[in-house]
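Both complexes below contain subunit A, partnered by subunit B and then by subunit C.
Let's look at the complex of A and B:
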């Protein structure tokens, strides 16, 4: 997925996705299981699975197996790259009351 | 008294009369809630609310979409009138489309956290109404 419009819609597709983004941006070194991430944002593991998978697909989050557990963490370089590309795209869109 | 020269010195003092409303306008402070009977505490509450909202908008956008997007929105004046909920909503909608409500919820969650107001994610969401509620809470108790 490289189209910034599609990426933007995917990033803000749900409240849970927004909460996950805020969690990892406020704690960029966080490494936790799906269950742990869900607990941190006050949701269940099952309810956030789809949103985590979507952010993994964009590349902002990564999954890695450590022992018997699978953990999730922020890919800081990819995150920066994605958000910069979205920012560049947004800066080209002008509102009706803007010059 | 003999030997003492009397001098009349005229001192003119001009006092510019200014109403409290004019004074607040000059200082850039918000007007107090009319007829609330709370006076200074209502004004303090409103100022606290305004500052908390401004900070919550910046933090919410930065923490969700990153500093580049926050900076772009600031440069375009999107965050200049935090109180104008409808204008903010319209401006965001042009850029973020359906994602606007997610961004607004992030801002409101951050604002409510700062003001110690509980947020119910299950109730129907309206950005403007959520701001009005927070403002009302700040007018009746310290925020």
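Let's look at the complex of A and C:
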């Protein structure tokens, strides 16, 4: 997924997705299981699964097998790319609206 | 049981100094009083146990050790099992340390995870990404007491040994934090008796008191 409009739509698709993004942006070094991430934002594992999957698809989050567990963490480089692309897209929209 | 820090002129102190003089590599903590006390700093590649009660300044000292390392061109990693990085960034700002900026410059990383994940990964896979990004020379594990909650008392020494040896093979000088339940007297618990043989226990309660006075 590289179209900034689609990425933006995906990022803003749910409140939970926003909570997960805020958690990882405030704590970029967080490495935790799905259950652990859910607990940290006051949700259940089941309720955040779809949103985590979406962020993994965009590339902002990564999943990795550690022993018998699977952990989730922020892909700092990809996150930077995505945010930059979205910011550029928004400033282009703002510019065209002003004209 | 606590280990008293030998004073200059005593046999224990002289032994320490003689042993130290055989090695060239010293890792300066950057805290003048402590470096002077340690005759130049920690031994390079050693695992040092920093023990103290809650609020005694273990985290601040550990962060200072990493920050001073960065100033000397040695990147650092802080592994926390308790506090979220957000809190650490905020607290560090009070000391004038911009940890986020240091992370952007790939000089520093905070890893926040659960002790059981570190144990499962055998310390390797979980830390790998950050170790590759930053190529640290110093690492802080905050704390071994949290790790102890996830292992049987009799396995703690083995796990602590495995972790410290893993860090040593990566060429890291490590500072392992241990939260003691009290400030004076018999501060070390049964657990500490178990792990005391693995890392070098230079920094004890007495040291923390001394550091606070400095």
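The definition used in the following text is that the second predicted complex is superposed on the first by the 94 of 99 C-alpha atoms of A that agree within 3 Å, B and C clash if a C-alpha of one lies under 4 Å from a C-alpha of the other, contacts with A are read in each partner's own complex, and residues count from 1 in each chain.
Operating definition for what follows: contacts are C-beta pairs under 8 Å (C-beta built on N, C-alpha and C of every residue); 3 or more make two chains touch, one makes a residue touch a chain.
Not measured: the values here are computed from a predicted model.
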Could you check whether subunit B and subunit C clash or fit when both are placed on subunit A? fit
Who does A:36 touch here: subunit B (first), subunit C (second), both, or neither? second
Quick one: is A:66 in contact with subunit B, with subunit C, with both, or with neither? Answer first, second, both or neither. second
If you tally the residues of subunit A touched by each partner, is the higher count for subunit B or for subunit C? B
Once the two structures are placed together by chain A, how many degrees is the angle at subunit A between subunit B and subunit C, based on Cα centres and rounded to a multiple of 10? 90
Pick one for A:26: touches subunit B only (first), subunit C only (second), both, or neither. both
Counting only touches as set out at the top, which of subunit B and subunit C does A:93 meet: first, second, both, neither? first
Looking at the overlay, what does A:6 touch: subunit B (first), subunit C (second), both, or neither? neither
Between subunit B and subunit C, what is the shortest CA distance in the superposition, whole Å? 11
Would you tell me the residues on subunit A in contact with subunit B in one complex that are also in contact with subunit C in the other? 26
Touching residues on subunit A, where the partner in the complex is subunit C: 26-33, 36, 40, 64, 66-69, 71, 73, 76
Subunit A partner, complex, touching residues on subunit C are 84-86, 103, 109-114, 116-117, 120-122, 125-126, 129-130, 133
Inside the complex, what are the residues of subunit A that reach subunit B? 8-9, 11-15, 17-19, 21-22, 25-26, 79-80, 83-84, 86-87, 90-91, 93, 95-96, 98
So in the complex, the part of subunit B that touches subunit A is made up of which residues? 60, 62-66, 68-69, 71-72, 76, 90-91, 94-100, 102-103, 105-106, 121
